[in-house]
Amino acid sequence: MASLTSRRRLASILAVVVVADVVAVVLASSAHAALLSVVMITIALGGAAAATTPGLRAAHPVTWRATLCAALVAATLWLTFFLPATTNFNLATGASMSIVLLGLSFLTGASGQISLGNGAFMGVGAFAVAIWANHHSSTPIIVTLLIATACGAIVGLLLGLPATRLRGPYLAGMTLAFAVAFTAILGSFNSWTGGDSGLQLPVALTPPRWIVDLFHSGTEILTTNSMWLADISILVTGVAFFFMANLFASRTGRAMRLIRDNDVAAELVGISLPRMRVLAFTISSAYAALGGGVYALINNAVSPSTFTFPLSVTILSLIVIGGIGTIPGALIGGIIYAYSANVISWITNNSGLNPQGNLASQLNGIIFGALLIVTMLFAPLGISGSVHRMWRSRREHRRG
Amino acid sequence: MISITGLNVNFGAVQALRDVSMRAETGKITAVLGANGAGKTTLLRTISGLKEPSSGSIDFEGTALVGQRPENIARRGIGHVPEGRGVIGEFTVEENLRLGAMTAKVNLHEGLDEQYARFPVLGERRRQHAAKLSGGERQMLAMARALIARPTVLLLDEPSLGLAPLVTAQLMHLIHDLCASSGLTVILVEQNASSALRIADNAVVLHLGNVVANDTATTVAADDKLRQYYLGMVE
Amino acid sequence: MDPFLTSRFVTDLLGGLTNGVEYGLVALSLVLIWRSTGILNFAQGAMPMFATYIGMGLLSYHVGYWPCVAISIAAGFAIGGVTERVLVRPLYGKPEINPIVVMVGYLIVLEGVAAAIWSTTPRSLPIPFSPIEWQLGGKPIALSPFDVYVIVTGVIVMTAITILFQFTKLGLQLRASALAPEVSRLLGVRVGRMLTLGWMISTAVGTVTAVLVASNFFTGLTPQVMDSIFAFGFIAAAIGGLDSPVGALVMGIVLGIVLQFVTDYLNSNSVIIVALVMLIASLMIRPSGIFTRNASRRV
């Protein structure tokens, strides 16, 4: 690494970090807050510095991704310490949704297939977490989330194996049928899934004592809880994004993109089409389930009425708007999801619509459906994809 | 008469036809020759409106064809037997012919009788699915389907492809007779230059999208350089 | 007093037949559009639903039942045509997922707008025939005048479609446009118009189905009324083979009957699950469909 960073650069980075730390200590409200700030800022700035080291991306891409993720996660975590409860809650929700979107982005972008059942897969993960927690409440969160992810992968394999081998809309239709069937499936296992009212998690997710003491002693429980939820979500999201970024860039990821663009060529090169497609679908379902699991933890309860077919369509809209096949697109979609309810109620209140009326209650569906159509027709690359394309053509323009 | 002036056709960055100008005289057979990739099929597809040129004009009886839809160009009486014949395998022989007669103002039964008389084999197989026909029979079906609409112009894209020499000879004979008897204007694209030149009145030779020769068939056939380089005719 | 006719077996058989006809009609519409445009129309349930609301909404203006049905079907034609020209045209030649995504968005928008205009409260429609089952010696057979109406309508529609496609000039052009669009153009067929017409016919067939489905006394007309029918219709079409109209119809009826047995011997929740399992099994065993001739569907 020494060959990639000059001594002068190291010195200036060190200087910036020290200054930032000193400022944080001075402004901190308590010794504990100061300590935590210093740690977070060092990681964030250090990670950012490492990530922007020229040449690192090309030479050690995995390390680069790790430092970038670490920097972003640390920066966001640090933010959560100061944000109000509602914002943290939205952040947590957005994070959980972005994990789901990441899976779908991968599926559509990397392998050109589409799933209309991600809402149901989210439900698989959410209910897996809820059911497990109700029977084994002492399992650490990570294990529970891994179980949820595994459940998603298994169901994904079950559905994907028959459907992805075929050209055509079979996977789309299959996942649609699954999405429609999910409520009935939950209903069939009433005793496990709690029927119409769903399940509560037995133990709410609360921060351990030492964090509470460390930072927010004296602050409301709600604020600390929301912060903790946001932190967990962000950490899981960071890890999920890290793995996905590596997958995108790996041989497997490249193979999948080749299949998407030219499956005849892919076959000639010896790539097993069915296997890759099943793999892509299994991974995307696993991610959806993971997102659902986090969602369950955040809300501390799961209900069958959440994971409906319209949710699957909303998920699709979010990633289409954010940018199919991109990683930033998943983040953008997550943020949109977190604040869409607010935006829509703002529209309802400020446009003279009757908030109890028919139009108001349907606005969510109509807007997302319309955005889906319009985006697909006029800007199929989504926000992230279009920006990326503009960047690239500007760079080529400058070169040429 | 079809008159083509300064035609340029691109596929993205690849230029398939470069400043092509030629004429297909009424009632005559104009052969369009050249190696694979010379642009012959592109030329026919552009005339029929399946491909839009980047510049140039195509004139037919005083009307400009460029920019018109393929189905409208066909309805003007320009028949086109495409590369590979385009026979619809899932249809029967008779359904293919009915389709050909559909948009032309001809009496269906008269038309069918006429084509069955000209191609008795088709009459025998009229209820069979076209997928079951041999190569030569499919060529006949494709031609009959084009002819049933009583076109004034006939574009033929490599009709001899995949056919035995004897069948090819019969086919060329048929084309010549048709032209002579009904005043049909024919543009005949062929890789098999010798058989085409035998029945053609005029010939145009294309090479990588450029016109390298445009003269009477006899002149082109006698030109040794042309025969060697562009027509692959080794004597 | 024939015990056979009132037996459980025959009851399920007849009960499933009515549903099966409905699934078969939806499957048929899906196959028609798939064959002519290569697009799976996910809004195949929602578009007819909307047309039905338009037509049946006039009932409150004292328009008669049959005129309302006719208007619904006309609305179905119109919606199909407009949809093809506005939404579908730009999508030809684009990657496979684009039309899927757009039609799914369209489905949600249609359901949302219908709910906004007419609310989600189920509306019961008047029906021209009694839904009360006939009795044989005091025990009911699973067939009512309304069921016969559904079956007869289904048969009429299927026959009409078959005649149209197999025996008319228009049908020849429609089929040619689907099988070989470029060659058809060279023969003077206005392929673009044929495609639009294909969508119009398909949506009209769907609307007939929607009117029948929405006339069900117990569910009534809601924006979501066609959702599960669509799922079953798709499953029937997929199992029968997306290329085969006959397969779609037959599989639809078979599916309806099988699922009726499931409802009877298990419970109503299991119905969609069993259908899903059937789809999975069919795709594993005979992916191209039971009734298709060419098996070139594999990746």
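The first chain written gets the first letter, and so on, giving A, B and C; residue counts start at 1 in each chain.
The criterion applied here is as follows: a contact is a pair of C-beta atoms (placed from the backbone, for glycine too) under 8 Å apart; a residue touches a chain by one contact, two chains touch by 3 or more.
Predicted model only: the values in this text are computed from it and were never measured.
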Subject >> Reference chain A; chain at largest CA-centroid distance >> reply: B
Subject >> Most centrally placed chain - per-chain CA mean versus overall CA mean >> reply: C
**OP:** Return the distance between the CA-based centres of chain A and chain B, expressed in whole Å.
**Re:** 59
Original post:
Just curious, how far off is chain C from chain B if you go by their C-alpha centres, in Å?
Top reply: 44
Subject >> Whole-Å separation of chain centres (CA-atom averages), chain A against chain C >> reply: 37
Subject >> chain B contact footprint on chain C (complex, rising order) >> reply: 169, 172-173, 175-176, 179-180, 182-191
Subject >> chain C - residues contacting chain A, complex >> reply: 40, 42, 87, 90-91, 94-98, 100-102, 104-109, 111-113, 115-120, 227-228, 231, 234-235, 238, 242, 267, 269-273, 275-276, 279-281, 283-284, 287-288, 297-299
**OP:** Provide the residue numbers of chain B that touch chain C in the complex, in ascending order.
**Re:** 48-50, 69-71, 74-75, 79-80, 82, 86, 88, 90-91, 95, 98-100, 102-104, 145-146, 149
Original post:
How about chain A: which of its residues touch chain C in the complex?
Top reply: 108, 112-114, 116, 158-159, 161-170, 172-174, 176-178, 180-181, 184-185, 187-188, 263, 273-274, 277, 309-310, 313, 316-317, 320, 358-359, 361-363, 365-366, 368-373, 376-377, 380
